[in-house]
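Below is one structure, written out as structure tokens; comments come after it.
Chain lettering (A, B, C, D and E) follows the sequence in which the chains are written, and residue indices restart at 1 in each chain.
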Amino acid sequence: MMSVLPYLVAVWIFLAGCYGLATSRNLIHAVGCLAVCQAATYVLLIAVGYRDGATAPVHSDIEPGSRPLVDPVVQALALTDVVVGATVTALLLALILQISKRHGTVDPDELSELRG
Amino acid sequence: MNDMLIAVTLLLVAATATAAVAARDPVRQALVLAVLGVALALLFTVLQAPDVALSQLAVGSALTPLLLLLSVRKVRRRGRRKGRTE
Amino acid sequence: MNGWTVTATVALAGGGAAAVWGVATGPLRRRVVAQNLSTTLACPALLLLAQGYRRPSYVDVALVLALLGPIGTLVFARLLAEDLHEDPPIGLTLTWVAVAFSAAVVAAVCAATGPGRAMVKLLVTGALMISGSLVASRALARGMPKGGDRHE
Amino acid sequence: MSRRVRLWLLALGGAGLAALLFAACLELPGFGGDRHPYGERAVRESLARRTANAVSSVNFDQRAFDTMGEMTILFAAVLGTVVLLRQTRDEHRAQPAPAHVAPPVRRYALITLPVALLVGLYVVAHGQLSPGGGFQGGVVAATALHLLYLGADYRALERVRPVGLYEVGDALGTSAYLVLGIAGVLAGTAFLANTLLPYGTFNTLSSGGTVPLLNAAVGMEVACAAVVLLARFLDQAVEIEENAVGTEESGE
Amino acid sequence: MNHPSHLLPLLVAGPLLGAALLVACGSRLPRAAAEPVGCAVSAATAALAIHLALQSSPPLVEWVGDWVPRDGVSVGIVLVGDGPALGMAALASLLTLAALAYSWRYFDEPPRRHTGSYPALMLLFQGGMCGFAIAGDLFNAFVFFELMSVVAYALTGHRVEEARAVQGALTFGVVNSLGAYALLMGIVLLYARTGELAMTQIGRRLDAYGPPDALVLAAFVLVLTGFLVKAAAVPFHFWLPDAHAVAPTPVCMLLSGVMVELGVYGVWRVYGDVFAGPGGIPAADLHRALLVLGVLTSVVGAVMCWYQRHIKRLLAYSTVAHTGLFLIGVGVLTPAADGGVALYILGHAGVKAALFACTGIVLDRYGSVDEHALHGRGRELRGVAVLFLVGALGLAGLPPFGTALGKALTEEAAGPALTVLFVLVSTVTAGAVLRVAARVFFGLGPRPEEHAAYETTGAGERPETRRRLKRVPDTMSAVPALLLAASLAVGVAPGFAAAVEHSVSEAGSAGAFTSAHWTLAGVLLGLTSTLLAVALAALAVTRREGLPGGAWAGPLRRLQSGHIGDYVAWLLAGAALLGALTLPGVING
């Protein structure tokens, strides 16, 4: 059970975020759901790099080689991913502010300018 | 027992993420997302990724909620202004 | 696995579940308190983990949380001042319990670390966490400036 | 599409994808497994270049090109936000009234502000040794500045925050990173090659060759970028208002 | 002197540095200086890309940071400088240059104190596209994929006072971000299995592991979902018309001309390097998946294109239709088809960008891009009319345009049944554009009647220039002319087609070399589709009451609802469909 639980949690979070995104009635809420989707990628990344009984690959307070280490590469990738997530959130929120000004609503059901 | 700790934090993250999707009001969602940031930071610490935990805290506990709330405030203020003029 | 991580597990299982439940359900006034509770609880948990894993460098995470957690709550207190003014927060007792827990954890970890630079960092973290949590819950309870950012 | 049809489509697609991902999870190497070839190589190389924090070594040395892309994404997003949240012709600025903050909150904010800035600097400076680095520290420092908004009011924040200067800082941080990369090409080796500086003594602030420099550049960029980003949103939420109908073009 | 491969990262770093310096100068830089700087940087990058492309046989390989592999493994990031990669980088750079030249003194009002922000964003876009093109590392490809996406969202919403622009940009942002996260999940799955990130290394490890299983299938589906969202394949395509119709015209030139095609390029690159081996996805499955999606995409794109009256939206749908054709070509999986698609993409980029440029002139002059409202009003723009007409013929595949050569080669490789589809799709899309040309620029036929249909009209769009154009500036008409000339040159320049074909087959895994040249059948097919397009346009122009078959297309048009929730649901359904299409080989393998 424990050997797949983290992966399943990541999948669950991703699909839950997608559900929220598709059924959202408020664009700000939709962007929050997108952030949830992205949380799934962090969880998956870090889970993939974990090793039982190991510790962080940071040698400021341990001797090199004294303890097994988890994978530093996925952590670096996750760092990049966190930054990307925050910036995308900010940019999309900026667009939503302008939508609220120009359309007078942030409900996706009421935006009907682009269709057909 | 270490597995227990990991499982607890994983379930916390999963529950908070689900709650964040279920909270349909953006203000309440922002609150849940702030908790999600902390829960993720705990998970990353437990999975021995303090670097990622730090950046998740930096982004998730103050920056993202602030951005979300400021957006909500702007949208609401517009709504109120419009309500007054109409 | 040792006493430190067991304590952290128990605290997270109990307090974490309470915080998630509090923030996911109920009226806004309870949710903000639960959000504050989550940071107040996570900080000592992080200290316990750092000690349990024998990694003093993990204390940095707790330090940053002790700084940013209360700031996050103050953000909510400030920007939701009008909603909270009409409907003052409830359930602050649990926050007091968490603060007491934080103090106990900081004391225990300090005792285990012994004097030195590491202890100073722990004390700073503890002081930031406890004062931040108290100030944040006060701001929630008494309210931030209601008329903040109103226009002249 | 009606709400109902959308839900059906979503259920169909979601179920298909869920089944696929579930099957994939069962095939993944078990959680906590022992095989991490890239990770082990990365730790070895990190120690060879005397960078104590292997994650920083991956970020600022081995895969520094990714970090260049990452900081450019942040830079682009901030520039995009500046463009998207500009004050348009039908808007004007309204000065917010000064706010009255409860004394304990004010005291807390003013005492914590310098501590938070110090912590931010510490997290940046120790990036190649202990957990942390330019990104984390930069955000902490930028957030710290906004204690002024929480502890006092928006005017107080505006006084210590000349946004134009921070925008220049953002761009200069990005440029510094790129110039350090190009220096490798000019020196006849490869882009972002960490062979220009001595690697120093393991576990000290100046170890790791160019790692601390790149780290500092990112720290500066991120701190400035976060300040500019929040400034744009605060402007919108607190200051910028649309003109009432009939008073077009009267702003400014 | 450096080895040329060391210069590869400069394709990315150059434009990024230019952008950073433009922003650093901020308000101190007058507009008259910011724009030439932007043009100069993008031109220099284009020159570097072409210079490197000429030296790319054998392909250049660069390990950033000098992390050259030891014992066959490295910890660094690899960049690939083969013909297709550098070709796409050169195309992206040249189009950026064209777009910057076109928008010289274009927008009415740069954001206050940020005169350089528009050229800086364009340079960042260019850097992102170049980085994605030359990435040989899967995660690095994701990073630059995100960079170009983020910049594209901001550029699409640049005209914040337009209600449609900000809505289209948000749709674009949400759908593409979700696609990017799917791509990242796929990358992580591959990393978990192989422990590598460089594409060729992943491929080798997959082959060593054994036949494909559910994990490989899931990774393939997720990665392809990411790229196909960018490539706007049906059913991931909904964001494209919404975004392309509202973006500023120079940005449309880049989005339609090269960014969408980079999605197709990503599919080609990742399949060839990662999934082509015995441990990957069997060729028959990829063929089936791309064929089904490609046919769907081209048919839906062509039908929707025909029923548009918003000219930019019409051109956007024609891009969807042509992307479908590119996907079919890639799915054929032969070097000849790949070479044909490469030429087709080059020719299409020139033609499509020129058509958008002409539409931009119309918009800035009349404040409308509505085919019906503009009926006959474009008569005075003779030069633009000629350019638009030539562009439409190029789109149809009139020899000797590059589009015609590329199309002919792809058709030849794809077989007779698909050739019919190629001819039909290029006929319908070019017919729609010709119809617009006949109505707007020549005032032919009666003015169409108005129906309250489910559609987006092109009326009420605001010009993008300071004030409505009285006279067409030379830069704005020279750019489409040059782009059309370039598209023509792709078809007629001696040796060019053969060189492209050679570099593509050298980069692909199959080493077989076929020579590219005009065939009689290809010329005849090109002429056929052009004539059919003219006939179709003539038929449409002479009818007053709507367009034939409008009722039949109604349900299809109703799917394009502009609702983000719908698009996300389609994205999930598309990913599931992709999985179902690729499943058989994995079960049998």
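Note that in this section a contact is a pair of C-beta atoms (placed from the backbone, for glycine too) under 8 Å apart; a residue touches a chain by one contact, two chains touch by 3 or more.
Everything numeric in this text was worked out from a predicted model, so none of it was measured.
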item: Most remote chain, CA-based centroid, reference being subunit A; value: E
item: Chain whose Cα centroid lies at the greatest distance from that of subunit D; value: E
item: Contact pairs, highest-scoring chain pair; value: D-E
item: Separation of subunit B from subunit C, taking each centre as the mean of its C-alpha atoms, in whole Å; value: 15
item: Where subunit D and subunit E are represented by their mean Cα positions, the distance between them in whole Å; value: 30
item: Averaged-CA centre spacing for the pair subunit D and subunit C, given as whole angstrom; value: 24
item: Subunit A and subunit B, separation of their C-alpha mean positions in angstrom; value: 11
item: Of all residues in subunit D, the ones touching two or more other chains; value: 6-7, 10, 14, 17, 21, 26, 28, 36, 38-39, 42, 53, 55, 58, 63, 66, 69-70, 73, 76-77, 80-81, 84-85, 123, 126, 130-133, 135-136, 140, 143, 146, 229, 233, 236-237, 241-242
item: Residues within subunit C bordering two or more other chains; value: 53, 55, 57-58, 60-61, 64, 68, 71, 75
item: Multi-chain contact sites of subunit A, meaning residues that touch two or more partners; value: 2, 5-6, 14, 18-19, 22-24, 31, 40, 47-50, 52, 55-56, 58, 60-61, 70, 73-75, 77, 79-80, 82-84, 87-88, 90-91, 93, 95-98, 101
item: Pairs of chains found to touch, sorted by chain label; value: A-B, A-C, A-D, A-E, B-C, B-D, C-D, D-E
item: Residue ranges of subunit A touching subunit E (in the complex, touch as defined); value: 10, 14, 18, 21-24, 27, 30-31, 34, 37-38, 40-41, 44-45, 48, 73-74, 77, 80-81, 84, 87-88, 91-92, 95-96, 98-99, 102-103, 108-109, 111-116
item: Contact set on subunit D toward subunit C in their complex; value: 94-97, 99-102, 104-105, 108-109, 112, 115-116, 119, 123, 126, 130-132, 136, 140, 143-144, 146-147, 149-150, 153-154, 237-238, 241
item: Complex contact set, residues of subunit C against subunit A; value: 53, 55-58
item: Subunit A residues touching subunit B - in the complex, by the definition given at the top; value: 2, 5-6, 9, 12-13, 16-17, 19-20, 24-26, 28-29, 31-33, 35-36, 39-40, 42-43, 46-47, 49-50, 52-56, 58, 70, 75, 78-79, 82-83, 85-86, 89-90, 93, 96-97, 100-101, 104, 106
item: Complex contact set, residues of subunit A against subunit D; value: 2-8, 11, 14-15, 18-19, 22-23, 47-52, 56-61, 64, 69-77, 79-80, 82-84, 87-88, 90-91, 93-95, 97-98, 101
